[in-house]
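A, B, C and D label the chains in the order they appear, each numbered from 1.
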Amino acid sequence: MSINTQVKVNSKQQQKQLENRGCLLVKCPDKPGIVSVLSTFLHNHGSNIIESSQYSSDPENGIFFIRIEYHRENLLIEKENMENDFRDIAAAHDMEYDFSYRNDRKRSAIFVSKETHCLMELLWEWQNGDLDTDIVVVISNHEDARPIVESLGIPFHYIPANKDIRKQVEEEQIGLMDKYEVDLLILARYMQILTPDFVRHFESRIINIHHSFLPAFIGAGPYERAYERGVKLIGATSHYVTNNLDEGPIIEQDVERVDHRDDVINLKKIGRQIERRVLAKAVKWHLENRIIVEGNKTIVFH
Amino acid sequence: MSINTQVKVNSKQQQKQLENRGCLLVKCPDKPGIVSVLSTFLHNHGSNIIESSQYSSDPENGIFFIRIEYHRENLLIEKENMENDFRDIAAAHDMEYDFSYRNDRKRSAIFVSKETHCLMELLWEWQNGDLDTDIVVVISNHEDARPIVESLGIPFHYIPANKDIRKQVEEEQIGLMDKYEVDLLILARYMQILTPDFVRHFESRIINIHHSFLPAFIGAGPYERAYERGVKLIGATSHYVTNNLDEGPIIEQDVERVDHRDDVINLKKIGRQIERRVLAKAVKWHLENRIIVEGNKTIVFH
Amino acid sequence: MSINTQVKVNSKQQQKQLENRGCLLVKCPDKPGIVSVLSTFLHNHGSNIIESSQYSSDPENGIFFIRIEYHRENLLIEKENMENDFRDIAAAHDMEYDFSYRNDRKRSAIFVSKETHCLMELLWEWQNGDLDTDIVVVISNHEDARPIVESLGIPFHYIPANKDIRKQVEEEQIGLMDKYEVDLLILARYMQILTPDFVRHFESRIINIHHSFLPAFIGAGPYERAYERGVKLIGATSHYVTNNLDEGPIIEQDVERVDHRDDVINLKKIGRQIERRVLAKAVKWHLENRIIVEGNKTIVFH
Amino acid sequence: MSINTQVKVNSKQQQKQLENRGCLLVKCPDKPGIVSVLSTFLHNHGSNIIESSQYSSDPENGIFFIRIEYHRENLLIEKENMENDFRDIAAAHDMEYDFSYRNDRKRSAIFVSKETHCLMELLWEWQNGDLDTDIVVVISNHEDARPIVESLGIPFHYIPANKDIRKQVEEEQIGLMDKYEVDLLILARYMQILTPDFVRHFESRIINIHHSFLPAFIGAGPYERAYERGVKLIGATSHYVTNNLDEGPIIEQDVERVDHRDDVINLKKIGRQIERRVLAKAVKWHLENRIIVEGNKTIVFH
């Protein structure tokens, strides 16, 4: 990573290709012919399906989910037209759906506290051109991350926080989210609890990294409790934030082997490596519109 | 596993469901509208798509591959009709394709030598109802496996083999393959080399397990050579057999960690665990028609 | 695995080597000079240290644990002498200790219910000569496992069980444990709860396999609950049984990746593979005297 | 990671503890009593063994290796004395040995080319206090890494390199190695070949990261070749550099799963994650004196 350096810019040709890439997510009652309807619609609108993944919760009377990535010449010009034409189809089949475009990069905010390893990983992926987002602001209740964030030309806001001033802190945070027009809020080891109001404001748009293999060790001090229990693997979990602490829909999890010689300090060191990669994967999949939340679970189309 | 016991039989209802399951594999030049054509065809023939996976080797001028699993009432009666109707579509789009039916179980033969761990794993999966095949014959150049094989009611043929009598051994083997109408030949640590003629006879229908992480340690003595080289992981590779030794299309690979304390005997012990699961996975995917061979590679639709 | 076949017998030379192998486990207050005392004792008694692992819970005022494997000519003749001489050393340094001999194979009993995959794995390892134990009896509340167990020449006892007759069932089981002089009791998916009295009778000598990544999903139905929670990895845990359900000292854990497509049936299939290998490892380490239980944790010397 | 910031400094108390930590590596012909001799020596010199690992290449007539980490009050004052006293013991038992002290931090140089991910990982670990070394200089044939390196206060030297000027480049590099008194040279994706003279100069002190699972794909373009071969796992290997290209003693390896959809660009992205962690582990173990090179293999005492 070099500081004061722009994110790797794709070549003009690559950009041209990406601006003609679209993604359609659909959820509807399962019945025969859905794939035919969707693929025929896209074909009639000059689109070529590049990637398609589907899932049915139950062959009989289940819910059908599909993610289609397609290429269409002059997509930016035609997309409004396509979306309009899709309305009747959606209504006829009772579809919930979402059109998104590679050219419309999501705008991300990162919240962080003292530990910066998850922030660093995201910045590193972003600089490599591997996170398809604009990181528009970093907010922290500590000053530690300021130098690296500002060196990359990203606005950094220091907002001290504690439970007594939570309401006023969140107002300030929401103000910044609005100002920066944030689509996705990433909690990269932000160690403050968010109020139900705040969470509702950003429903299904907050991704957290929890430093345990959920549902083991919900809540505070997971490494300390993993040590006490004598587990032989420790893990980390990225999930969407809901108002049930650490119980939101899980996006990704991973583990590493530990043994009796690993004290809590070591568990935290090993854990940092897991947290970094688990959060980065979850964020990447969200940005690529690969995740559908269904109830308290996620469908992740790899 | 209990001996003298039939494979777990699915309930009548399950069997009914399975007999209406079909799978269509297609390979053709990529162009817009292929998914639409296929899904519309299936819908028009009363079929509901249950699972679909696709892959395009290149967005422009590439080759398109798709696997579709579908459900259709009375499939066994209608399938001939469907296949007939598909011919025009296939011709129009230059498709190679394959229709298969869950009800038509593939017939497998297993070749084994002295080491029976891979055979045992396959028999275990098969008895659990997790390998969707009829194991119609086991052939070995040793007698070790006879008791367990025969206790399961599977014919066992002992055919001693060495390089001087290869031709006549293979004639006998081919005779048995024909007699038992074998669709898939599994080399479960069969330690004899097959002649080009034999391999050609069963092209893309022989799965082997090689006891190394290919392309490292091609040929004989891979564990000995892994030990000499001081690698920190050992592996196993399942692949289709071609006439280039250990260079056929790879289906699955896996590894385990080892260290300086592991001598060759230990490497072999650890390796047996890897070989067992890697071969079982490859066989299962083949039986579920999840694999397309393209050039010297496989596309595996999980 | 071939039926009606003896466990692979080591060559006479190997047996000769093994009968001169001993293992010494020591636990004592940590202080300088312990390793010197122990290694000098062994050297003075003609023993050569082959493998040694140690662990100190805390560099200052901690507890010291060591496992030493050694070779001594004529060990079987000299061992009583050595053990006698060691008493003074142990007293002087406040040591708890255990001498064991490779030649004295532990006697194992296996309890199993309807699902036989863990039993099968143990029998397979045992037949390969990889489990250094005599399996002296298998007890089950179902008849499923009888044919395979008896075909290997191992006594099989069918004892139907349910919570109303628990006391009398356990009396019968304890009677058999005594009769067969059992050192280790392996619960290979035995689905009955054991009473506190029974557990106390075999303290630190019962190994269980729990079909979840503990402490997640303690108790019944872990795969069902893992499915409900939408976890992305499932696991299994082998542990010593105590009178706190699923809370005994953990010996080994492992996980496999799953995704939204895996229903409960699939989770169980995948889980069976994890359970098999996790239980087999734990049993092997116990038999090799590699495990020291300390509080509610294990120290496992690999 | 924050720029312009010093590496996390351990508290005075921690430093005090570390300055009394020593490590002794010994290699000698195996015979009874070696552990006794060494542990008694350390005890007599007031040292308490904290961690000890040993390995014997063969129980009979093998070579014995041991790593002992110990604590001794006033070690920095006593160490010369201890080393002197050890000479007779070493001579009597034909030992090769090495005393090292946690207080004497090794001095590392990093060579890097255009790809900075491995460099970044090392800097990140170092800033977290997890790499026990002084990074005294970074040398590159590109300017990319200069800003981040200099922002951390580490000297950066740009030395353009190509095969025509190799001799003069290496003279300059050796000059800098001497000037900065470098103990360890880390090739963090340095894409130039080193001459035999250069390698000899730093025997067993150069660690490289090769971007494949050696011995598969020795030499250039490993990801391209992995793609061509259709492997299902890709890997990375850290090893000591010798004058046989990519054939030096392996320190650590790891792999990640890939599939048919991963093109070469993707393999490289996935590979970067493996390279980062594999190199960081190898460097850490070297710095902690956990590695003994024996022939073309490593013994790594974890």
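As a convention for this text, a residue touches a chain if its C-beta (ideal position, glycine included) is under 8 Å from a C-beta of that chain, and two chains touch if they have at least 3 such contacts.
Chain labels with UniProt names: A, B, C, D = Formyltetrahydrofolate deformylase.
Please read these numbers as outputs of a predicted model, since none were measured by experiment.
Enquirer: Select, from B-C and C-D, the pair of chains that is joined by more C-beta pairs in contact.
Expert: It is C-D, judged by the count of C-beta pairs in contact.
Enquirer: Which chain's centre, taken as the mean of its Cα atoms, is farthest from the centre of chain D?
Expert: Comparing chain centres, B lies farthest from chain D.
Enquirer: Which integer distance in Å separates the CA centroid of chain B from that of chain D?
Expert: 43
Enquirer: What whole-Å value do you get for the distance between chain C and chain D if each is reduced to the mean of its CA atoms?
Expert: Roughly 37 Å separates the two chain centres.
Enquirer: Among all residues of chain B, which ones touch two or more of the remaining chains?
Expert: In chain B, no residue touches two or more other chains.
Enquirer: Which residues, counting only chain C, touch chain D once they are in their complex?
Expert: Residues 30-36, 39-40, 42-43, 46-54, 56, 59, 71.
Enquirer: Could you list, by residue number, the parts of chain D that touch chain B in their complex?
Expert: 55, 213-217, 229-233, 235, 249-255, 259-261, 296-300, 302
Enquirer: Touching chain D in the complex: which residues of chain A?
Expert: Per the stated touch rule, the residues are 1-5, 116-117, 120, 124, 128, 130, 144-148, 151, 269, 272-273, 277.
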